[in-house]
Structures are given as C-alpha cells and as structure tokens.
Amino acid sequence: MSRALLLLRRRLVGSIFVLLIVIVGTFLLLEAAPGDAVDAYLVSTGGDAGLVEAMRQSWGLDQSAATRLANYLWALLHLDLGQSVAFSRPIRDVILERLPVTLILMGASTALSFGVGSALGIYAGARPGSVRDRVLSTASLALYAVPGFWLALVLVIVFAVDLRWFPISGFETIASGKTGFARAADIARHLVLPVTSLGVIYLALYLRMMRAGMAEVWRLDFIRAARARGLSRRRIVLAHVARNALLPLVTMLGLQSAQMLGGSVVIESIFSVPGLGRLAQEAVAMRDTPLLLGIILVSAILVVLINLLVDIAYAFLDPRVGASEASA
Amino acid sequence: MRRLVQIPEALVGLGILAVLVVMALAAPMLFPGDPLAIKGAPLLPPFQEWSLPLGTDRLGRDVLAELFHGARTSLAVGLAAAAAAIAVGAVIGTLAGFAGGILDETLMRITDAFQTVPSFLLALAFVSVVGPSLTVVVIAIALSAWTGPARVARAEVLSIRERDFVAGARVIGMHPLEIALREVLPNALPPVLALSSVIVASAILIEAALSFLGLGDPNRVTWGGMIAEGRTVLRSAPFLSIVPGIALVLTVLGVYLAGEGVVEGTAVRKGLS
Amino acid sequence: MTGPLVSIRDLSVTYRRDATSFSLRNIDLDIAPGERLAIIGESGSGKSTLALAVAGLLPPTAAVNGAILWSGQLQLPRGGRDIGFVFQDASASLDPVMAVGREIAEVAHTHLDQDWAQAERRALELLRRVKLPDPGTVLHAYPHQLSGGQRQRVAIAAAIAAGPRLLIADEATSALDTIVQAEIVALIRQLVAEDGMALLFVSHDIALAAELADRIAVFRRGEMVELGKANAVIQAPEHAYTKKLLDAHIGLDAEPMIAPVGHGHV
C-alpha cells in the first residue's frame, strides 16, 4: 500500500504544476478573445454604453495583464470561475449542475468500451491468427474509423426514428414524476444511444490493444512455462496472457477520459443530453468564452483526478510499479 | 514500395487514398464554380437525374460536387494539421531530450498540460476565440496533436544523444542547437513519422466534428458541414447525412490501412536485411 | 523393476524451414523410473530439443519422426502431472504479475483436484521443501522481489507441485553464479531422491552432470555420440568428442571456481 501512496504523492505534485500551466493557458486564450466579458454582456443585454467603464472597473478589466492573471488565480483559489454571461449565473454553479450527467454518460461509455472491448479482444487474442481473430481485427479497424457524431445520427435513424426502440433525445422523460428505480431505468433507456455513440470507437481501440498485447504475451517464456505445467488453455488465456495484456489498457483509460470529454461535446449536442459537453457547445453558440474556458479548466481537473485513480488502479494491478522507490 | 503492395490491407488503403487524391484534384475541373451554388430542385434523391447523380440537399446543391470539394478540405486539413503537429512536436521533443534539465522538465510539463485538456475542447475554444477559417482550424488541431510526436521524439533523442556522431559533432565545436536540429533530429524522425497516419486520421475526424458543430471554414464545403446540414432533414432525407459520413469513414479507414501497411512493410524489410 | 518410464525410439526432429538439417537424428534412449540421466553437449547439439520433445513442448513448426513412449504406452506424458519442467531462465518462466504462491498453487489446483485453499497450503509446503526462507512471506511475493536463485527454487516448486514421476531440468542452473548453482543442484538431487522421481538433467557442463547423474548421454549436432554410466564416461570416454569436452571443461573452469564470490544468493 505504501507503494501506491508514494506514487500518488509524486503524481499529485506533478499534477499541480500541470494544472497551473492549464490555468495560464486558459487565461491567455481569454485575453486573446476579441472583446471582453463586458462587451459580451452588452451584446447579450443591449445595455447602456455609459455603464461600460464602471463595469470594466468593477470586474477588474482595466488593470494590467499580470494583475489580472493574479486576480484570476486568486479567484480560482476561492473556486470562483467568474460569471456566465449567457446564463447570468456563476460559472461554477452552471458547471456543477451539468457535471453529474456527463459523469454518468462517460462512466457508462467507459464501462461499455472497456468491458466489451477487452472481452472481445481476449476472445480474438486467445487464438492469434484464427478466423475469428482476423474478423474481429478487421471489424474493429472499421469501427475505429467511424466518427462518433455520424454513428450517433445513423443510430438515431435506425433505432429512434425507424424502430422507435429508444427516445431520440434527452436525459430523461421530462416531468414524468418517476423516482428511484423507475427513474434510473428511464435514464438508462435515454442513454443507450448516446453511450453507444460515444463508446464504440474506444471499444474498437480496447479490442485492438488487447489482441495486440496478447499476441505479444503469447511469445513470452513464462507462457511456455505455464504450458509445460499443464495448465488448461482457458486458464493460460485468462489468468496469464490476458492478465498481462490488460496493463496497457488500464493506462489508456486515463488518456481516453480526456478524449471522451471532447467527444461528449458533439454527442451530448446531438442527443440534447444536458451535460458538460452540451454546455460547451452552448457556450460557443452564445459566445460565452469565460464559460467555455471554465469548462476546459474543470475538464482538466477531472482528467487529472481520473489519471490519479488510474495510477492507483495500475499500482494494484502491476506489483512492479514503484517497487524501486518503496525499497529505496 | 513493392513490398507494400504485397500486404493486401495496405493495397486497399493506398487505393482509397489514391481515389481520394484524384477526387480532391479533379474537383475544380469536374465541378467548376462554387459547389455551394444551387443547381436544382431541393431534396432530390440520389440516382434520379443524370446531371445530379447523388441528388441535391435541402437548398438544391449538388451533393456529388459537394462530396468532391469536401475531399479537398478533409485532405488539406488532415495533411496540413498532421505536418504542423509533427514538425512542432519533433522540434519540441528534440529540444527537451537534447537539453535535459530544467528546459526538459518545463517542456514535458507543458506537454502534460496539453494532454490533460481534452483536445477537442481546446480546438473548440481556439476556433471560437479566433474565428473559423481553414488556417485556424489547422492550427487548432495541430495545437492538440503535437504532444504525441513530442514524446516519441524525446524518447528517441534520449537514446541517440550519447552516440558517436553526436560526440563527434561536439568535438568539432558545433553549436548545441545546431547539433540538436541538424544531427539528432533527422535520426529521431522515423518513429515520429510512424505516428503520422494516426494523426492525419484524428485531424480529419476533429475537422469533421468542428464543421459539424458549425465551426468549420464557412466558405468551404466540408463533409462534417454536409452531415450537419443533412441532420435537419434526417427523417425525410437520411442519405444527406449518410453519404458524406461514408466518405469520411472510408477516408479514415484508408489512412489507417495505408499507415499500418507502411509500418508493417518497413518492419518486413528490416527483418529481411 | 518394471519397464522404462520413457522410451525414445528412433526420434528425429527437424524444423520445417530446412528439412535437411536435423535438430535430432535417430535417437534411441530409455529413462528408467527413478533414474538420473544427464544429457550434455554444446549449444546446437540438440539436447534441449530432446528435453522439449519428451515434454511435448516443441513448437508447431517442428516435424517429429519416431516415437516417444510413456510407461510403455504410445501417449505423451501430461505436462505438470507426469513431467515437471524447469527452464534455464527462472525470471522468464514466472508470470511477473502473479504472486509466486499462486503460480505454484495453480499446478496443484489443475492436476490434484484441490480447491484453492488446499492448493495454497500445498504451495506453502512446497516453498518450505525447496528451502526458501520465510515461506509464508514468499507465498505472496512477486518474482521481481526475489533473487535469481530464489526464483529458480520457486520454478522447481511449481514443477514438482503435482508430484510428477520425471523432472526435466533444461540448463536449470546455467544462468546462476557458481555458489547458487551448487545449492540448486543439491536441492534437485535431494528432491529427486525424496520423491523417487526420474531426472533428465540437460547441461553443457560435464562436471556438473557427472556430479548429479547415474548415466550420461553426450550429444553432438543432433546425434547421440556416447551413452554410459557417469563414472565410465568421465574416466574412460570412448568418443573423441567427449574427451575434448572433458579437456575443455578443466581448462575453462579452473579459474571461475574461485573468482565469483556469491552475491545476493539465497
């Protein structure tokens, strides 16, 4: 356990630096945006031009860039992301409201892609070069080339418009009054198509990683030793080959979380799922740059946290991780 | 090249890419004039009229012409963004690996930061702040795609920098920057270039997604934009979204297949020599 | 005494790629129950191919002619159950992410019809038998936490976990330094004696073979050039090649016997 803790402490320090760089980056983008929050406010409200200077002053926009960066950091330290012009509410509140939906969507997509992807990968990789291996490998490459947003439209045409199996959009039936399990089932029904659209490309990725990894493990000496011990093929495949090939997939989970957050923008927009991604699209549509950058910042924090979790999981799965540090 | 042809997947991939390049090059000749101009009655289904084989969209524009011109955009953005990402990544990775110390540490933390921000969100923010145009889209995509090449280049440089020819360059008094860029970088390049098919493919996909959200270059036809257009009439004319999507899938597939074929082909050649 | 445990009849092995060069050529050899047979030869002599052939571990690209009989039957022995196999590189024969106790218990679980708790107890007992210090801790350790000698002891424990009647050690000590090597050889000798196992000891080291074996078979370029009682082969080698091996051995080993003082061994 101390092994995982040591690792965690080192990663945490690195993460703080990384987040600082992200903050400076978002600040620079904010600065680069034509016009400032006051202009955006005026555009959206059509307010009095006489107010402009007073507002700039009260929002600290008349000060030097360095001071503004300091103010920005200071505000962030107090978990203050500023005011959303589009929603006339604190950015933090808007984001926190949308976050759970995105977490549910991403969690389900990750579970689908990782679970089914690695299972199919094991099925293919159990017999390298077999017919099923080649079929799954080719199919996964084709799936890997399918853009999520287009898949989403195709799924809508087939399963929502033609077959009417699933609702076309939304997170749950509005004002249905459902609670508890009925509500969860309703949400699940709404999320089938978005989760599939978001997850399929990663399903293909995990499948490919698993079968490629297994093909490599098969060649290792300890597999020959396991065969010499007369273990069943099933046991060799699951407990040794797949078990070792699983490790790079776990690492991939961290990288994938960042990509999936990006992918959720389009998918949530298509299915009108009120999550962080759709919020980003709304922020772009309503020219609310501070809100968009707030979303980026929260996404970065989310990715950092997920990566920490992945690191812990990895340390549990691979006993070699951090071994040299713990003994030193 | 001959060996490449022996791998069937690579052959299919190269075939698709060749068709695509021909489409892109021939677009202005086969379909001169503005592909966004109205050519006929709106929502004409495919295979109904000789002059408009794939029918027309909601505004009466020629779908086939749009498809050809869209290939230009997709290829241009994919190649330009990948070239920019690889160039920037290779230089940054080389500098980090060659310099070591604080510079290395700083550059790698910046790389981490770029990998922490979801690349599509970064591209989205960049385009929405600077305003959509082809160049901006290319920069936005390159901005999030250079980290992979940077990491690979750095790892490669770390193994190269202790070799004889680098020491030799030091002895004859070459400037470290010159050694890094003229001696080390070219040798670190092959594994970085092996990433290019993945980067081109993801650049094409990101461009399509940006266009789909209405953040592509408004003066150009893009497949993503066509899919978005078709979405408004998804129930009555699904082919308007499906056709450009298939083009997109085939393109990305072609890039992957050709890329894998090249990697495999070079591996075979190395194995034989 | 009943018939031989293993009978090898006119065995030839070639790798398909090149059907004219034999890895093994017309080998006839018996291993009696409880017998200790050493096979010596240089690399490329086919001695490891023979070991793999007996255990049924040849790669699919190998073409096998002739017969291997197990207890007089024309059937391959079951790996793990009938034959225990110890490879040269112990670090490569253990799964890096599996606790070594589990890796041993797996064998007992598979072949002895034991549930995991029983198999785990058997693993503990085996770790004690191969003389690993603090077996309770080692049971939950991973290969990277053990030294080379300790890993080889684990590999031996896994090889004998299901009580095989034949133990094959394929260069099992050649990756270890001299002192650890001697300890492992002593361990193998003891285990074989205690369990009444036959031993097929494959080595390039003729002195080591002489120390351990009842009989020695000398292999060269896929053929068996000499077979006889260990003492006879060492003291009065018939074949010129065996003489050469003996001479070379004395010349080579004179120095290293003193030089490397064991570091980090068991």
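Read from first to last, the chains carry the letters A, B and C; within each, the first residue is number 1.
Methods note: a contact is a pair of C-beta atoms (placed from the backbone, for glycine too) under 8 Å apart; a residue touches a chain by one contact, two chains touch by 3 or more.
Keep in mind it's a predicted model, so treat the numbers as computed, not measured.
With every chain reduced to the mean of its CA atoms, the largest distance from chain A is reached by C. By number of C-beta pairs in contact, the leading pair of chains is A-B.
For the pair chain B and chain C, the distance between C-alpha centroids works out to 55 Å. A straight line joining the Cα centres of chain A and chain C is 51 Å long. We define each chain's centre as the mean of its Cα atoms; on that basis chain A and chain B are separated by 22 Å.
Interface of chain B with chain A (complex): residues 109-110, 112-113, 115-122, 124-126, 128-131, 201, 205, 208-209, 212-213, 215, 224, 227, 230-231, 234-235, 238, 241-242, 245, 248-250, 252-253, 256-257. The part of chain A that touches chain B in the complex is made up of residues 14, 17-19, 21-22, 25-26, 29, 32-34, 141-142, 144-150, 153-154, 156-157, 161, 255, 258-263, 265-266, 269-270, 280-281, 284, 287, 289, 292-293, 295-296, 299-300, 303-304, 307.
Listing the residues of chain A that touch chain C in their complex gives 220-222, 224-232, 235, 239-240, 243-244, 247, 317-320, 323. Chain C meets chain A in the complex at residues 55, 57, 78-81, 83, 85, 87, 89, 92-99, 106-107, 110-111, 142, 144-145, 155, 158-159, 161-162.
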